[in-house]
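Presented sequentially are two complexes of chain A, the first with chain B as partner and the second with chain C.
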Partner chain A sequence: MISNKRLTATKSNAQSFAFALPAIAIFSVFYIYPFFDIFRLSFHQWNGISSQKIFVGFENFSDLMQDGIWWKSMWNAGFITLVALTFQNCLAFALALACDREIRLKRFYRVLFFIPPVLSEIVVGLIWSWILYSGMQNGQHIGLFNHFLDKIGLHHLVNNWLSDPKTALPCIAIVHSWKGFGWGFIMLLAGLQTIDRQLYEAAKVDGAGWWSVLKNVTIPMMVPVILVVVILTVLGSMQAFVLILSMVGQGLVYHTDVPVTRILSAMTGTNRFGYACSMGVVFGLILVGVSLGFKMISDRTKQA
Partner chain B sequence: MRKLLGVILCLFLVVGCAKKKQDMNTISIWHWMTDRHEAFEQLAVKYEEQTGVKIKFDLYAPSDAYTQKIIASAQAKVLPDVYGVLDKKEIFASFINSGFITDLTEEFQKNNGEWEKSLFAKALNVNRFKEGNIYDVKPGVYGVPLDVTNIQMLYNKKLLAKAGIMAPPKTFEGFLAAIAALKRVGISGLVSGWGEMWMADCFASNYAFNIMGEEKIMATYRGEISYTDPDWIKVFTIFKTLSESGAFAEGIVTKLNKLAEQDFALERAAFSFNGSWSVNIYHDMNPDLEYGAMLPPVFNKNRPMSIWGGAGSSLVINNSSPRRDKTIAFLKWLTAKEQQAFLAKETRNLPSNREALSAIPPILSQFAEVMDNTTHPTIWMQNEFPLVLERMDKGIQSIIIGEKTPEQVAREVQEVKEKELKKSRRGR
Partner chain C sequence: MNYYKVKSILKSSFLHIFLMTVAMACLFPLFWMLRSALMTNETVFVDKSFIPQTLHFENFIHAWEQGNFGTYFLNSIIYTTSVVFCIVIIASLAAYAFSRLKFPGKNLFFYMFVLALMIPLPGSFVPLVVLMNKLGLANTKLGYILCMVNVGLSMSILLLKTFFDKMSPDLEDAARIDGCGKMRIWWHIALPLARPAIAVIVIFNSLNVWNEYILAQLLLNDKDLMPLQRGIMVFQGAHSVDYPVLMAGLTISVIPIIIVYLAMQKHIIKGLSSGAVVG
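Here is the complex of A and B:
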């Protein structure tokens, strides 16, 4: 009797396992194996093709720690992230607040603001490089932005926007924010619409003004959504690179390099796959650390 | 019902895991040449009609993405019958040493070297590994050149005439004078896609050959001469001089070559530094463009100007291909006079078959005429460490934007060189 029960249980377990097996296999092959292989490769010197991989221990990591260009790229990504966190998310929040009200053409605006995120980054990059183009023909500025500055009498502001170390990275950061604010807008708008309207009515009855309602009702209710938007912005901005490639090619000296372009350059430009993997590992750990930091803040805020 | 489902699942597993039946009559070719895809497909139809062998051309562009696909496919051992290696000689050698590429030496030498003799030697040399090469590759020829190419300067006849320049400058001083004349009438000087760093590298290499010659460059690569040598400083100073004289079109350091090509085609700059492939591109963008090709103006009048050139696009044969013989036969057919003339006419590229040269347009002839001046990193006995080249290219950008001096860049490049030399001595 017992053995029959055990047999049935074993059979049932085997059946369950068999059903899960394809998913486990796919997950292992396409996720777990590459994940651990990157760790393994980061301890090797390898050009990506050769069958010979030289074990170098922690040498790639120690080189990386002393690689000033890598840390500069991290700083550049941090700058893009900072602009995205402030400019992009403030814009997204302001527009979400505007669209949450009963205004005319509300749906039109929602669609309009969501267009940039759905455009290809390459296309956006090329269009903005054309807008910021700094050449002239027949005495006229060809780039739209410089042409506009010239026409409104601000000729002294005309610049080589993408080839000037002072403006190249800020331009990229602004275009990145322009492209990304739609995601934040949609998420924040969805969050705003979940807030019980009775809370606003009660606040109004108590004589609260617009600012007071925003500070004491809207923002506290939106904290979980804002945190999600912040985490996604940080992860998305730190990993931005397609836009950079399409706007400034392989970069303006090292002023526009970000970690992902450095990884790409190590892999394809200088054929240092092992070193690129060690960059990937370190960068991944930093992003995990940042995400955990935000999660902790989120948990504490929820408890408060 | 359960049993039935189990049987079906097993069948799917068996069928799914079964080895794909190989079609011995279809040759698979992966390429990156967007401008030639249509012509290739027309040739494939013709070849199938003649021989019954089907040719499947798959296009993967741009070339960066193609390179990644080829490396990933090599790692997964799923390369097609024919493909190209668009990478440094070191990587090409790695493909050969890892057994991914067929040695074609015997094929080229058959019938008293008939196939080899029909092609430009410079083009073939790009795919050749000589005795004692530093990559430990068995000497031989490992690729088939489809066309030849070289990179030089192009000038817009109309814009030069507007500035009162009747003939393109041949010397560096003449070039600076031309730039000054162009500036006076508000015309931009030189445009190029130096956002893609290899192009700036190519320009620097041209002047390095002109200033110090191949032997000294190779000695630098071997670590016997420092980048702080006065000749190298002269090379870096060329960029400073050009930048200060306003020779470069605005934004040249971050410009993608496609955009640079657009600028020249739309007559926004008088000079362009670009390859022979651009003839086709300029034709598409502005068929009325009046331009000519010229060697970059010499700095050192006692030494000729060397430009990069050789095989433009080469294809290699997968060593594990079960259709190797049919593939070789197809590549022989593709590089024969008739097909090469067709490709030259349709795609405006220089043919790799010397007999097909009679069919090319006059502007391409100007590129063909200087094939003797060509050299290329892939045929040098020694190559520089990629990291040193990266630092040099970035340094050149710094000089152009006025951030660093040639001396500073030379010191920085030398520092990286010494680090790389130390590593290589330790076997790393």
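Here is the complex of A and C:
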């Protein structure tokens, strides 16, 4: 009797497990295994093809510490992130504030602002690199932006936007922000709409002006949503790289490389698979550290 | 007109100018893409008028046939539909098990998926490509589909599990008393009820697969297997100055996205907004 009961329970457990099995199987093969393999490979020297992997201990990591281009690429990603945090998020917040009221065409704006985020980075990068094209033909600027600068009398500003090391990265950062502000806008607007309107009424009755309402009511109420947007912006922008491939390719190594494009070139360019993996591990640890830092900040604000 | 009315009109027109400028900045590059797609190789470099005098629709035919965009487009459709279909089935089965059923190690497995979402792992494509080569799945449609299913799985499971957790189990209980098996309950009751969550999963995963680039670059070398994003880069590498046809190709890849987005934008914005408020 008892053993029979146990048998049906086992059978039921097995049935239930079968529901989750396809997901667990795919996940184990395509996520868990590579997850551990990246650590294993990072301690080896390997060209990706030969059957021999040479164990080199921490050599890849010590090489990485002295790799100037790697740390420069980290700064480049940091620069893109900084532009995204300031320019992109301030724009998103201003637009969300402007839309958080009874205003005509509100839905129209909301639909349009989210068009850039649904486009692919390849498409966005190629369209913008066409607009920023720097060549000339018959004394005429081919690219629209240079042509425009020339026509409005600012020809001293005409530039090789994407091949000049000084301007390439800022251009990428701005296009990245153009593509990304819609996300922040939608999230911040959703946050703003949860704020109780009575708070605004009360503040107004007390004679608070626009700025003081923003500073003393809106922003304090929005801290949790702002933190989410900030974390997503940082993690997303640090790892953005497809836009770079489609805008400038991998030509301006020192000036436009970010960590992920470094990993790519170590892997497909110089066939240093182990080194590529050690880069992935170091960069992953840095990102985990950053997100833990934000988590601590967010917990602290919740307590306060 | 009194002072307050003037002030309010001024304020709202200022806001509209601001919003309209940004809205135009969102649309203009797309307009410029379409415009350039309708010119010839000679005029595209010189003519800067917003609407060219003669429109050359044959660029789209060139892109579709000589540019191989027809194949790329078809591949993108195949990848997107099969990946999204697999994700919906596999993720909803797993999420249902994690939410409603009992088996040993259930929580452990679930947290594994959650953890995967929280740990960023840049460069995981290196060991993944090594693995795909080992398994003989590199440069195959199946290999790319499986990788992309894995990419969307964690998020979809988490979303569906939260949805199932909030759903009342009354209907399922009634079905169980009537002698329905787990599988039938999942298919006939849980899945139809989860339609709003599934809509969100379908949209976000479709966008993600359609726009994916890096795995397509690393895994697919055959032109016959490439999806649009990869094909665009191959075309751009080979014909770097043929801007009208390139822009026509870009337009081909953008049109389905824009149509799906406009049709589904309510779901997209709702999905994102709920994420923001919960998160």
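Please note the rule applied: the second predicted complex is superposed on the first by the 276 of 304 C-alpha atoms of A that agree within 3 Å, B and C clash if a C-alpha of one lies under 4 Å from a C-alpha of the other, contacts with A are read in each partner's own complex, and residues count from 1 in each chain.
Convention: contacts are C-beta pairs under 8 Å (C-beta built on N, C-alpha and C of every residue); 3 or more make two chains touch, one makes a residue touch a chain.
Model, not experiment: these values are computed from the prediction.
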Superposition on chain A - do chain B and chain C clash or fit: clash
Partner chain in contact with A:131 - chain B first, chain C second, else both or neither: second
Which of chain B and chain C A:167 touches, first, second, both or neither: neither
Contacts of A:47 with chain B and chain C, given as first, second, both or neither: first
Partner chain(s) touched by A:142 [first = chain B, second = chain C, both, neither]: both
Contacts of A:298 with chain B and chain C, given as first, second, both or neither: neither
Dominant contact partner of chain A by residue count, chain C or chain B: C
Colliding region between chain B and chain C, picked from 235-243, 253-261 or 271-279 after the shared-chain fit: 235-243
Where chain A meets both chain C and chain B, residue numbers: 48, 135, 137-138, 142, 246, 268
Of all residues in chain A, those that touch chain B in their complex: 45, 47-51, 54, 56, 59, 129, 133-139, 142, 160, 162-165, 168, 246-254, 256, 265, 268-272
Chain C contact footprint on chain A (complex, rising order): 12-17, 19-20, 22-24, 26-27, 29-35, 37-38, 41, 48, 91, 94-95, 98-99, 103-105, 108-116, 118-124, 126-128, 130-131, 135, 137-138, 140, 142, 144, 147, 178, 182-183, 186-191, 194, 225, 228-229, 235, 239, 241-242, 245-246, 259-260, 263-264, 267-268, 273, 276-277, 279-281, 283-284, 287-288, 291
Contacting residues of chain B [partner chain A, same complex]: 64, 67-68, 71, 74-75, 87-88, 90-91, 94-95, 97-98, 100, 186, 188, 193-197, 249-256, 259, 263, 266-269, 386-387, 390, 394, 397-398, 401, 403, 427-428
Residues of chain C touching chain A in the complex: 12, 15-16, 18-19, 22-23, 25-27, 29-30, 32-33, 36, 45-46, 48, 90-91, 93-94, 96-98, 101-104, 106, 109, 112-113, 116, 118-124, 126-131, 146-147, 149-150, 153-154, 157, 182, 186, 207, 210-211, 213-214, 218, 229, 232-233, 236, 243, 246-247, 250, 253-254, 257-258, 261-262, 265, 268-269, 272-277, 279
